[in-house]
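Some structures are shown below for you to check.
You will see chain A twice below: alongside chain B first, and alongside chain C after that.
Take a look at the complex of A and B:
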């Protein structure tokens, strides 16, 4: 398999420390409230909480319940709410307190906001006249380690708040997360980044660093790369075909665990499975292209059979040893294997049903800029047949980004058909997508190209280049086609791509496309900065930076493992495909990547965050 | 780009807040100090004695009631950064034309340091934070009037806002905006927000979250963003549960200044719901055969246009165009393309297994009176839909045969096991090998099997292999 541990891999820092810190703080906070109490937990916090403090730790609270907007029976006269700082939730709590007041019930209330408070939330308490009845606190739970190399802020709302609404409320949160990592694991020698938000996060982090005590310990990471999700929308919009990504697309991995339904377990029960490097079978296939997974699993199954078969012809002593030493491991492996085989089968079935091949073909054509008319026809029929609302939207966005917006007549006709098929209220969704630049109508763009070609006949090529530059700087364009050419994201078609022996990161998309985000990271690390990539950054609307830490020059010389660890922070979410690509890159370059993300995302989550079709 | 930015006076000399210069008289400086103090008091509630803020000895209570050296921290830091601005371990990014960070860093950023230092301490050494003065904080409101009310002049207020924006903290920006909302008239606030995009977006988001629809609409109007305003008002319909009220609300939306395209769509929305209400009322008590045989699973209200068309093709097929519920009427009212209509009607009629209706969808007569099958969608798509609705083989075969491209025809036939077509295609290709292979996949002595057998025995065919 392509991705088994290589010998020389630098060791990763122990992130379980982060869990311990968060847990200790939570316990400390809860212990501040004397006596027994009802604890309400925001539904969104249940899974993350489960990962750092299993419910037994919270047992002393006796009653825990996830917060949904309904009334509960209360046992105790102390209520504690563990919530994300959202105005809606605080309003709900205020109503509850006021209802108690009216009914003459006397209780004590405490809200613990995580990862931090917002003024707006506290003001709601004040306005509703319950400030003082309700006390508040903060639980600074910034980072949840999902795996050895994945850290998550578990803030899916970061994406919409920051990129669509333009609300910077989470900027300092991201800065604080970096600050936390730095305090626990040592400082960094170099920071690169691209994107508006990345810049702000860096600034916020820098402000924090300047003032905290400078730890002089050996750094555990060498470099940090900050990247905004809106620098690369193409990658998260593509269908995922590496195993972990595909599982996420189809079953939705939540906080590192997934629920396999009866169709996978071939029983009438659903099973919740943790998917991480602890699962020996999974860790071997997670980064593999799906087409390799079946072969691998069946080989594994055969090996397992042989291992079981050893029993035959054993004498009592050997049998005893076998049972004591091997059987448990084999049984465990057996269980995992049958689970993943079941999952693969179920995924195959689902994918054949939705004509996955044809879908992939369309995506690849879009990436390549080939047979666009056919693609449009395909998307149109997809919409006409009312097949998956999200998939249709995904294809439309992919078409728009790769083509720098849709021709006016296409935009109108596709939008009209979309609204007919999925509901006219999606007008609002289209407005959102347009604002983000995900789905646009070409403005004057066509005339530009016409003009360019006309001008091209009159003047030499160099001038045309300059003119084109001037034009493209006028409109905020995705420039995907030009970027793709410049960075060689799409390999030449017609070449065979052996997915068993990947030669570059394109394998995560069947050899059809190298994720733009990962390619940028690769290039910047290689050049140790943005030099020579001016044209690329200009097409990405600038906002790039690279800074060197002044004080760590002496440490930088010491060639330790840490120098080969790179922290990549995705602001607005990252996909499993990108993580797989970075793991591959790390292996090629002899370094390790640690991914910090505001949340794990995929095409569905990304687009669902932008829907506005229900109240 | 990675140079450490020296402290420069550019901002103070060039920006419109010229009044605030360091070398100006003490009054200005004290004003700035005041702004800083006020911002601090957002976090540090207990600051009634501001004058001794440089003393470390006084215990401070932070926003959440924890003792921190917040103010002393910030002041010390500020002092040191003035002395040696370039000694930072990490440099600032040289940001282009934004506000100079010096002025803002001077007061606002330092306030953070206090707070987040506090955070760090708490995270790594929770025992350090003993909530000694818990009760005290609880009774004081978060940022009580006295803290920000000192900012009376418009200039001061705006400076406050710009400083919040300059440190990139959305939380802080919103806090300042909330104060401005209270203390400025709408007109003035809107006016000032026009030139401040970041602040504006925070304000819009805050109003959205608070559900202040009316103010939001006013704001959009004042900004001249009429299309956004129209959409924002239109969005309200989602909160209306009762269909009659919803319809009336949509009707009231028709006059809003939508873009031309969107206006058509909103008009459609209103018409659609109006029709749906009529159809629903009559179908709820309908007792036609079809409703008994296939009871309705859900109401048709608020369904998309195409779903409504499907419903009407299912329950009201063949009604005359005059009735609202007829497919023809829906098709015409909502300008549904032929392709879309065929696909939808095909799905509905195939579901009912009325193959006759399916046939007539594609039948066209040419000028000689012959009927010929024609389709705006590829026949492989048609076969696909028929197959998904479990059409019998003979129906499938007929449509597979209509597929133009021989390769596509063969692959579809193989996929859906239309044996006759597969066999005939191979026969026409004179491909003996493939026939032999195909024979193996069939059941022995089935009619297809025998057919291949006969073909293979036929000496008159000149096989190519």
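Take a look at the complex of A and C:
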């Protein structure tokens, strides 16, 4: 089964406009420092920059562009820094300026902050005594369109800064991004959201809206949904089994492109490939469960062969036409096909191994909540054998979230073993995880689940539900189990799930689990608000909202294309599995989802952000 | 010409036939429109309202003519076509405004030319300077000046004036201002508040700032007024981190350290921001902050982190010791114990490093043991295993892996016999296969528990054995597994047997 475009799909807005805007502003800013100059680009900005302004454009306005800012050789007396507003980078620049001063060199410095300038950075410049020597500017590059329906803020640090450090500096950035979308593509008729950060982003966006002038034009989106990453930690912690997600887990997709190593390309070079809807082969398999991909690819290969075979029995004229029209396309497809076959082969090698099957089995039983003892044993072995640092941590977190924290005994022993395996510095990692509620110890006297189950045996089902809610509101924990029951996240086991014909969003996790975030979006859009979901929102610690936007005129003309486009903004990152699930949901409901995220994430990125490597 | 028209107007008023003659005269010179225009303009330069009216009435003349059919239709059409009414309308408006300001109570005798020269904006400014706020507002409304430049601006000036009136109480003024300004767009309350503050009415200024919707405007003034706690909480309310930073940095320089910390303590958002800043800029301040909060847990973490930055072993151990103390104070026995273990491990690693010359310091316990085993220091590994209460399972996995890595099969066999393996014998089989030693692997197959027998047989590629084990256990799924591994050509007989067994297993 291939995900082909269904017939009456609403057209998506053209996001290349955003790229053009950003590029023009950058060129304008660079030209403000006249003459030839050295340009330093923050390492994190290289890939995004590559997507919007290729190097030729940069070369056009500069003499040289040094790629990493650890590069120390300067040619010109004008230096231009293009950086994220981070204290450390600014400090590095200040040191450089001061060193120049000591050496008596005179240069001109310009710092361009993107997407915006922070006061803290200016403070650093001031404290280091170089405030007067540099000029600063802002490059309002908020959104990078990664694909037709994926927009990214490219701020991986959003997650850690906002949820762990309690630093809300990026909130305004997210608000400005929404404002930008609104000013280019028209206003929204309805906004929903859940989570503390979502609320703050909405507030900041509204404030920006009030400040600026209103532009009334045909809106290109109907609804906006804001969701915090900490509403749903389970989904990003699961192993991804949809093709695009798997590619991300294994090879790490960076800014929409991936580098396939020699084992995939079956040559001694690695190849960088753009993965988006332009890639015909990829766009058909990206949302497929992995088990279907190979069959699909081989079918595709056969088709290709027949297309090539057409050559036989052609006369000269036909041959000429064939070479002129089709051959190039076929060649292109051929190349892509062989790449993806290579990639899936290498995945097969890694993923069909016993280990991976057992890993998935453990994850699924954690999600369903049975055979927990076996799971703990499995995790223990996983840690003891030092299989993988991140994977072990991931399983631990999954266990803790689904079980509302670990029993004291387990918590201590697992933690001790983990530290023995991977070193004591992870004491800090554990502190971080606890702060986020990812890995917790059940407090004595809070062993509610035990009590609950005992009480549950005595009274009938309905009261159990109420009791569960009462208890969980007391405990203020992740409540995954109760949530999963209420929202039917885990399909009943025992039923055969045909992955070729997915019947709900659970297919992105082999039919074992519907991503909580996506389920919430589905429910809210269906009900047009949060009514009837009070239980759920309470278990998610509330902070939900639904606001009807300013342009009431759009209500009148309801069933236009724009009304069927929904913008979903993930604050703190979203995974490819979630995107696939939303694409599926859109197809079912006859609407399209556009995903705006602070960054594309997956289990390893999420956890790596929480490690405390002081190196 | 305008003169003739003017004259005509008089005549017309008396409804005389002569008007027609006058008009024809003008028409012959085909200058009628010019004449009308001149009339309107002349009205503009006229100061006496009555004369203005007469002149302007010219405009209506032709309309009346139209009704009474004194003119030929073509003429009246010509008139209406050639003379659009806009000029007339705007002149009427201008004149009304001018007449109003020329009133003796106001006393701004402006000519129309002056008025056009200096624009409405300036006129409003002048009115504002004379504190004629109601009139100014009326003018704005009448001339339909955009609200932002018109009414709102006047209201702002009014409010600024109002707040300087010393005789009224803060409440009264604040209320009056808020009532008047409630639905005016684009009012900057902060400017009014600044005025209030400048005239020494801080309380009033604060009250007025409450109305300011943009926190970015409130905060700087609050800081100027030294109302820093309020500024801080306003900044935090706004959710704009940059604003919070502004306040925090200001306070840091303004207050002494103790007060500063105390203030931050009441504002967790600001505190976490400041901590973030300190992490990069001032490590020591961070420590002080934790110290003040008696946050021993964080202090412990702080020391642990610091210990990784230090290269010298002695310093590291000392820092870890501080961490241990803090963890104990935080009643976090677990972290304290682990940290103590780490100190022991560090010392042990150092000692061995000196004795044996192996690079060890900084490794995790697991990695240390792996290294020791791989270089054959089994005794020392054993010692760690005992000292640090390493779980049996882990040690067995470790040793198994290390020995297989070295392909020390003899030692492996000895190890396997020391006592009953806590991890079973399947790993033994698998590890041997991984290193392509089928012969060794087979040695352990018999020791594997019944549940894992099938797997073990399959691992060494013994189909017969696997089938045997599966059939014996009458386990359907295991039989299927074996079946799936059989190839139709070579294991034909075996498959038949398995299928039969499967059928019976299913029946049961």
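Simple rule for what comes next: the second predicted complex is superposed on the first by the 561 of 615 C-alpha atoms of A that agree within 3 Å, B and C clash if a C-alpha of one lies under 4 Å from a C-alpha of the other, contacts with A are read in each partner's own complex, and residues count from 1 in each chain.
Rule of thumb we're sticking to: a residue touches a chain if its C-beta (ideal position, glycine included) is under 8 Å from a C-beta of that chain, and two chains touch if they have at least 3 such contacts.
Please read these numbers as outputs of a predicted model, since none were measured by experiment.
Contact with both chain B and chain C is seen for A:169 once the two complexes are overlaid on the shared chain.
Using the contact criterion defined above for the overlaid structures, shared-chain residue A:131 touches chain B, although it does not reach chain C.
Contacts of A:546 after superposition: chain B is touched, whereas chain C is not reached.
Once the two complexes are laid over each other on the shared chain, residue contacts for A:36 go to neither chain B nor chain C. Of the two partner chains, neither chain B nor chain C is touched by A:108. One of chain B and chain C touches more residues of chain A, and that partner is B.
Overlap of the chain B and chain C interfaces on chain A: residues 87-88, 118-120, 123, 161, 165-169, 171-172, 200, 203-204, 207, 210-211, 381, 384-386, 412, 415-417, 419-425, 427-428, 431, 612, 614-615. Of all residues in chain C, only 213-214, 238-243, 245-246, 249, 268-269, 272-273, 275-277, 280-281, 297, 301, 304-305, 308-309, 334-335, 338-339, 341-342, 362-367, 388, 390-391, 393-394, 397, 401, 423 touch chain A in the complex they form. Taken in their complex, chain A has these residues touching chain C: 87-88, 91, 118-120, 123-124, 127, 161, 165-169, 171-172, 200, 203-204, 207, 210-211, 380-381, 384-386, 412, 415-417, 419-425, 427-428, 431, 612, 614-615. Per the touch definition, chain A reaches chain B in the complex via residues 21, 24-25, 28, 32, 87-88, 116-120, 122-123, 126, 131-132, 135-138, 140, 161, 165-172, 176, 179-180, 183-184, 187, 191, 199-200, 202-204, 206-212, 214, 381, 384-386, 412, 415-417, 419-425, 427-428, 431, 545-552, 612-615.
Those residues of chain B that touch chain A in the complex are listed here as 1-2, 4, 42, 63-64, 73, 77, 81, 87-93, 95, 101, 105, 109, 112-113, 116-117, 119-120, 122-124, 126, 131, 134, 138-139, 141-143, 167-175, 178, 197-198, 201-202, 204-206, 208-210, 228, 231, 234-235, 237-239, 261-262, 265-266, 268-269, 272, 302-307, 334, 336-337, 339-340, 343-344, 347, 377, 381, 385.
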